[in-house]
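We call the chains A, B, C, D, E and F, going by the order they appear; numbering starts again at 1 in every chain.
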């Protein structure tokens, strides 16, 4: 998000000194994510939506569900796609124009976490095989940035999908036709939860905030599904992890992920 | 996919509109100032079902330098709609419509901002439409004025904004989405009440010269109503009752 | 078109001083447009065309009419589209590359003035409902710039459309087929006329030339139809208008527009 | 849509072509210099049904600076077709064909222009095809030479241009649109008559080595005809008879 | 490929001095191309491929053959397309991003040389008239640059096409269906060979290497077919040719082209 | 067009995979250093049916200057696939997938390269996939390490790379294309054997926590095998047996 300055160096020194005492800048335990709040149905005109605050990071996901053409050779499956964008007021360094590689990575990691978990049951989203299917588009925008967009975006998309309703379409005279009043919940099979961890020195911290994010040597995002299995992973950053650290991060993601999943379930139930 | 309601009554015999409003009544409007953490100033508006966020950065340096002006500051405005803000999902790339509205809003704000006070720098106004419901440009302009004030940018006045229009052969205030689709004319108005100047004006649809005069008048009066809500948003934040 | 320089400031001072004496730099009355000349059929291979000179501003519009697919949910209407481009030799400051926001505004205002007047009767431009319609493309290029492109472009497009002929197509064996020799005039319902006015100090002037354009505080373009009603309007520029001025501009646009409309009719009749 | 005329006779028994010309005859060509007000130099050519405008700016500064050359001036050429210039409406974005032709015309003009006389600056040649009819690149090149001269750019010679080609097994001058579509070969030639140098040469279509030699010769002779018309355009403007 | 520097000037002086003695920098005769080596089937998964070395210039062409939609009004013809790209490691001056005009010219000249010779018999590449045809895409990448890309790319594309096999498709129930095991050689009618010549001072040299390329005043590429006829030509560079030189270049292209054609035939036969 | 083989046996009763390998066996790997003439360093890898070329330029100046860093060198990586490298012809424009892989490989190489030794400059790593067969990013990363060493860039270690994965409920080494399509999980691993650090790690597909641990271990062991081949490639070039 920014190139290193003298202030960045001082911040990193301070963060490391605190970590050596087992502390974080905002008082959290090393494996403790920031407070998560989820507002369901923030955009009533969308088919589903959720505004998520993770500490001071705030993101919004709106889901649009509409007829689309299937991909070639995928005529028996609906379409799921997830995008992410940093709104220009989310941080002074954000630029308008084509997305940078870090934003492309963000969108693809969030998309893959949900896709690889098979959360959205695309086999149920076919209007007419090979001709017309249902497309589910989860578009995420970042409103305020304070680190760890991976998890904030992932939670927003997951919460929005969990609470989405899909209209029903059929083919009438070779024309896609809306069946009025036949809405149903979007078919989902599991609740994927991503946990992003930063490595600073030899410490692994969960859900790095903005200052921690700028000070990280490396990061890892691990997504688990409702069975407690690992379904997606992405390492990033300019340093490496030991094999032990990788295993440790896996364990953290299962354990902390389970807690986040409960919050997502609550939000889903609260919306019904 | 669907189809327009053919038999919608836009204005009934009692002068009540399709959403229950009277002809000189605006939709429900709420504005909140200072809603973003990283921006230098911000505002959130709900104008009927429109939901719009505006964030301000600046005055700040201009890159590349040759885009700056040694005599005056410059205002840069981006009006942008989220993919999920409209009925049919919008593609992320800025459309020609968004580029034009960005320019129209910029020129509506410029008379209000004391640009000469911060030469060589720029003030960026980022407008994001989260949910659209007809009249987004007026809602966006009203919110942008509040956000500029929230950012402490020196201003001559705030620009208020509201559309008037023609529906069922009648001039009405604040055309909503259904009225815009099925109605006869839509006239967005931006107005500075203290300086008594119209800084945004557009028209789509047919009006007789008499209706035109009336329509401008109704729009200006609507702006005066919106102006009070804008002032309240700033008062609430800076001298507020602490409620959220 | 240009950032303000010392010379621009001197020009503006001179223009204002003249206006205070009721005069304009080129001797015109305040509500007097420059001389308008219209050359019909400048591009014989197009379906319609017109070259327009408004003072020293020169523009050319060519109309192409060809089969196209209808827009979704608009299967009973043909397509009308109007574009505008500044050719790079029209002024030293014009740059090649993607159009700037002022050119996009120009094109959209000209398009909207014609579209909102319902000049082109798109309901008559259907080949087969929902499948194939007729597209009418009025592309305008600016050849020489001396202010007020809005009106010059609008007149060129209107004149080209008024004198366009449209071929006839039918569906034969599910294939769009040209019916030879069955050309007819493009169906039109009214003649829209835009009048652009500039505000310099407290003066409203019609059809600002290049120097006046650079000195304007604000501008307004109002389009009227053949009934003398107002059908489109666009305010621009970095200052505002009083409510009285807006009403006054409406009256000017009706009155001056009627005179321009006569010239367009003459051009149309001259071409037949 | 439509379909090509299957039975068109490209060359009849009397050696007369489909548009009435003899084999060594060009289409009607008129050139006018100094037709634009804002450009530093300009020319308008009608070459058969081709209608092409060329405007020149320069020598002028280059932005960004690192694109300029301290030893010599640079020539920049843009060849561009209007959307309405061709049968099927052309999309406005520059095509790969237009980019290639821009380069070919630039390299055809460079030997004629004394670029070394204006180091660090650029001369811009803007070519706009208003109506196309086969042979646009030759017509454009001929007009560009006149426009450069009209702009007062120092030149060694003017580049004349005309295509030759093969139609109905015969080498002919100045291939028109129908002949290009149905014919056997098209060879655009650019030539400086005083310096006796070919500066543009392309070929599409099959020629025997003998035909090739003949085709080059016919093209060069065509260029000499066009050269006279180019000179007349400049004479008319600068020592003209006052007629327009 | 590069702007002129002092070293470039010295190189040019040296090249010219040698030419005056009838010699070239690398010892070749003026009408002698560099050694040509052709490796067929370098990319086994493509439908055809060839890696070509011409001196130290190395290029690779891969051919993909797949069903496609015909161009409008060309429903009875398959599609042939040839592209060219300079890989960024092929020379220090190559930039990533959209292709420059010289690369666009390169691709178009190579494409045209093959297209105008009618080498690929597109009339045999129709699956169902007006609906579905076979597309042949010859994509060329430049691996190492040492001058004269025109010929190296042309030979690579020609060799790849000569040794391509095309699958067979038919329409089954309105769906394009692969007929297993029915591959056949791509139908070709002739072997086009391009010869590129540079002009330095008054000397014409065949197949300029990198240093010669930077020193050329002008260049010409002439393509001949198997009948020894000329089927495409492109002059380039900032100087002109005399009429006699043009005729001379035509003769060289026929004569030298015949030798190259034998090498291409050998490569084709070697691959069978 | 075609269709996947429905009945392919990914792992038979003897623990043999669809291409004849054992579960802990890599595909055939050959690496050659110094294969390009113009690049400062280069390597060519065949990894199964993957064929990938990597060329290095640098350390060299950065344009524009403000992209450089006064404290350290920067690494720039472009991963790019040829149109003919995959089953369905790929369009030439860089895809979002290619942009992401470029970034992932860059971050996998950075821990190995002593960037601090060449401040203000850049090292460019250009990766071109000539033929793809599953596991391109690992093959590309392994080749890029060799190419960087060949270019004489100072390094702390080489990054080796190999994927592990889950196929037929079994954790296997080096997932091939068929296994990737029909298998259960794919985990690309990049690893520096001397520094014992994992610098690239991704996962698509579902693993239990136990399988996850195993999968990382199998991947790391695969990297150690690849490392030997990387070292051999450099030895062959610099102290080589002269065979080609």
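Convention: a residue touches a chain if its C-beta (ideal position, glycine included) is under 8 Å from a C-beta of that chain, and two chains touch if they have at least 3 such contacts.
Owing to the predicted nature of the structure, the values given are computational and were not obtained by experimental measurement.
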Set of chains whose contacts include both subunit F and subunit A: none
Copies subunit C and subunit E - rotation angle from C-alpha fit, nearest 5 degrees: 120
Separation of mean Cα positions, subunit F and subunit B [Å, integer]: 52
Centre-to-centre distance between subunit C and subunit A (centres being mean Cα positions), rounded to whole Å: 48
Subunit A and subunit D: spacing of chain centres that average the CA atoms, whole Å: 58
Multi-chain contact sites of subunit F, meaning residues that touch two or more partners: 1
Touch-based graph of the chains, sorted into line, ring, star, complete or other: ring
Residues of subunit D touching subunit E in the complex: 1, 3, 69, 71, 96-97, 99-100, 102-104, 107, 110-111, 187, 192, 195-209, 212-213, 216-217, 220
Subunit F-touching residues of subunit E, taken from the complex the two chains share: 42-46, 49, 56, 58, 60, 62-64, 66-67, 83, 85, 87-92, 96, 137, 139, 141, 143-146, 169, 176, 178
Complex contact set, residues of subunit F against subunit E: 1-2, 36-39, 42, 49, 51, 53-57, 60, 78, 80, 82-85, 87-89, 92, 124, 126, 128, 130-131, 133
Parts of subunit C lying in touch with subunit B, wherever the complex brings them together: 3-4, 72-73, 101-102, 104-105, 107-108, 112, 116-117, 220, 222, 225, 228-243, 246-247, 250-251, 254
